[in-house]
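Letters A, B, C and D name the chains as they come in the text, with residue numbers starting at 1 for each one.
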Amino acid sequence: MNSEIKLLKPFTPSKLTLVCGLPGIAYIGKLSVDYLIQQLKAELVGEVYSVHFPPYVIIKEDGTVELLRNELNLFHGEDGQDILFLSGNAQSFSPEGQYEITERILDLAVEKGVSRVYSVAALVTDREFETPSVFCAATSPALLEELKARGAQPLNHGMIGGENGLILGLARKRSIEGACFMVETHGYQTPTGEYIIDPRAAKVALNMLTQVLNVKVDMEPLEKQAIQMDEAVAKMAEIERKVRDEMTQAGKKPSYVT
Amino acid sequence: MNSEIKLLKPFTPSKLTLVCGLPGIAYIGKLSVDYLIQQLKAELVGEVYSVHFPPYVIIKEDGTVELLRNELNLFHGEDGQDILFLSGNAQSFSPEGQYEITERILDLAVEKGVSRVYSVAALVTDREFETPSVFCAATSPALLEELKARGAQPLNHGMIGGENGLILGLARKRSIEGACFMVETHGYQTPTGEYIIDPRAAKVALNMLTQVLNVKVDMEPLEKQAIQMDEAVAKMAEIERKVRDEMTQAGKKPSYVT
Amino acid sequence: MNSEIKLLKPFTPSKLTLVCGLPGIAYIGKLSVDYLIQQLKAELVGEVYSVHFPPYVIIKEDGTVELLRNELNLFHGEDGQDILFLSGNAQSFSPEGQYEITERILDLAVEKGVSRVYSVAALVTDREFETPSVFCAATSPALLEELKARGAQPLNHGMIGGENGLILGLARKRSIEGACFMVETHGYQTPTGEYIIDPRAAKVALNMLTQVLNVKVDMEPLEKQAIQMDEAVAKMAEIERKVRDEMTQAGKKPSYVT
Amino acid sequence: MNSEIKLLKPFTPSKLTLVCGLPGIAYIGKLSVDYLIQQLKAELVGEVYSVHFPPYVIIKEDGTVELLRNELNLFHGEDGQDILFLSGNAQSFSPEGQYEITERILDLAVEKGVSRVYSVAALVTDREFETPSVFCAATSPALLEELKARGAQPLNHGMIGGENGLILGLARKRSIEGACFMVETHGYQTPTGEYIIDPRAAKVALNMLTQVLNVKVDMEPLEKQAIQMDEAVAKMAEIERKVRDEMTQAGKKPSYVT
């Protein structure tokens, strides 16, 4: 394999939308998309593996090991609209890996008839706010208008990095519509440089996602969930920190960490 | 895709010259070539995509997203000589990527019958000058003589990096003639390390390019343009800074920037 | 070649177990697996070469040179259970290389009918202890129970990097059972950042390995061996340090070390 | 192309020996091999290009540009023994590139019937000496004995990096005999970290090479040559420094140097 999607079961979605929430600054995308997966009881239909992911296995709570990977969870909407959620515990470090993995996922989505792609990201700001605003960028002005009507403010400059950004650029190249919601966050970091998760921003992202996806989720347990997710994400942050240390010190210590 | 050129329309140029102005120190190449494209109303005929470009999408003024890419713009000269301009908002970070992208572009140019390649670059100097001088290097002594007659001073040592340099080396390997114009600049940088654009050097480059390309452009709006370009380039510098920060801190912060 | 296994002789093992002890923190895996190879007089049946290994040759005691590589040694157990030991003097630096090499080894093991994979790694801890504990992670809860009965304590979080970790994740993906033993070590480093070998931890790993592999080895010469291995590993640490310096200073000195 | 050898003319050597002197510490290999090429008037028969070389073109004294590359020069010995000299102005930065380039060169050499490979490298030492000693490592004990008889001292540990080392390891893997001569040098560096060329060590290497290759060269002009080469190498050191700065600052300044 180089980058591959292991399908766990066949599925034939209708009116498919792809929603990406991979780990990034403040974990806004990951938090909100993982929450949707959980609340909607979306079903794991595929796993994404790649030689471009960091070369680690994680030890799960039950003591079993698992490769770093992305996951695809499918939800059959009541309105006949299906949603494929892309989440995971890693992104590639190399440009080539990020492009390749995103392309493989988009290949599958296209094969399954995807008509729209959403992703969620962070917009780091110094602005003081009561409630973080949601900004957006899209593959077409028409879609931007649609999102504006829902309260997202179009940006007119900037950039979006990683899979959450690339998936839109690559979607546009294939004439698939899509948009990225960027929620304001202060991007606080711990003294050792890890981003602190921002569940408040994730909640704002969720409000927007549920609107555009036309799904209803119980927002009640979010606060509690946020705490649980906090732990899950803390674990992921630990992975990240270790991988990071590894990479930084590749020249100082054995790169052979066992 | 790995690196690919998406042709937007078929074209059959005559007596084709390829002119490269990709972003680099002081943006001399990019400024002068973008100006030519604009003034000559050269037509966008191809887009160059690559997994080797930094993994970002940029948000444009209209709120839409776009992959980082290079572009090919074609100009039909009145004298029956056509010009293909290569510009863009990115270069690859890896040697392999720079070679591959440059080769793909040269493949297309050769297929279209290219007979000469020009590129524009910066020559960073401490020398005080009123007007920056234009230096040159070429694929053959004969072409050097020709350019000397036009006022460019041949260099006898040094190196040229990135696509603006590689395209000449790879052209020579294929027996295609070409030259690089290097305009003096002080290579000033902002405190955070970004190069400051040098429109004065770009103007000198333009004077040379219009001569060798036998085209006429209104130099009048250049100063005004320079200011506008300043903004455009500032935006690109922002991209660059973000990508750079990303890369530098790959080991310190999540590489997953969203 | 990209990554290849050079088989030195054909072999048809029965009930094959793969045991990985590649160099890592404190060299616990390498020390224990090399000791087993030596004591069991396991036979060298294959060499693993890869363009992803550091680009060096080592000079051996007899003055001859050898590429960095991994090795496969086969032991025919008296109980009809065969063991293939994976050891070596290097791991790849890149994620892509680590995945690729591990996959190639697993390809061969699967072809030879492997039914279980063990690996040995370090668990760096600040805890004071008389005897280091053995922790474990596995591909299935059932195997974890089995190992718990033998005295290994399941971990419920963390990660395992490099080939010793990847081999389990990739084994699980192929529905092959496996486990990693992680022995506590303080992970002491020399002032220049090299890990100090930990033969005491290796002995603990050996005790566990001999149990699960159902082999008997004379533990007597271990202390003496440890000293000899010390020298061998010191030599390897020298390799590592040189490679490391090389990599760190790639930007400061010629990368061309001869 | 990925890595390719452009043959400039067909040649059918007899009893071929390959001699490698690529740039490295103190430039001992490059100095001695370039001197042999010049004195023996060996003929340029091939150029080695690779996407793994640093992405630069160099500007030569005549103002023309040239890709970084390795070169193959052929010398027809009077005793019916032909010699193919490998030299050049660059080595790849990546392990994958170094392996690939070395394999391509060895592929050609094997096709041409090569029976022996020599390379020259530096052995950095703190030892005070009048005349630097020549050490050696080889693919077989038999060859070591032969070289010992000529005054080279076998090493029993250490490593050899880059193409000068890999070519021996890869030769051994193909059952081709070979040896590396390592000449003592103090490995002095300039304040900015460049290695200073060591013509005295190169002279010692030359004495050994002329013996084993059974060629005679006028050692007279060596001192004068050394000075000329000094300039040539200084130019190469400039290339190296620029590439190095580039790489080091890839995260700090535009990687787009033009």
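Following the convention adopted for this analysis, a residue touches a chain if its C-beta (ideal position, glycine included) is under 8 Å from a C-beta of that chain, and two chains touch if they have at least 3 such contacts.
Since we're looking at a predicted model, the values are computed, not measured.
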Most remote chain, CA-based centroid, reference being chain A: D
Size of the rotation, in steps of 5 degrees, that lays the CA trace of chain B over chain D: 90
Whole-Å separation of chain centres (CA-atom averages), chain A against chain C: 35
CA centroid of chain B to CA centroid of chain C, Å: 49
Junction residues of chain B, two or more chains touched: 93, 249
Graph class of chain-chain contacts, one of line, ring, star, complete, other: ring
Touching pairs - complete list by chain label: A-B, A-C, B-D, C-D
Contacting residues of chain A [partner chain C, same complex]: 1, 6, 49, 51-67, 92-94, 97, 235, 238-239, 242-243, 246, 249-258
Complex interface listing, chain C residues touching chain A: 22-25, 28-29, 91, 93, 95-96, 98-100, 103, 119-122, 136-141, 144, 154-162, 164-166, 168-170, 172-173, 180, 182, 189, 193-195, 240, 244-245, 247-249
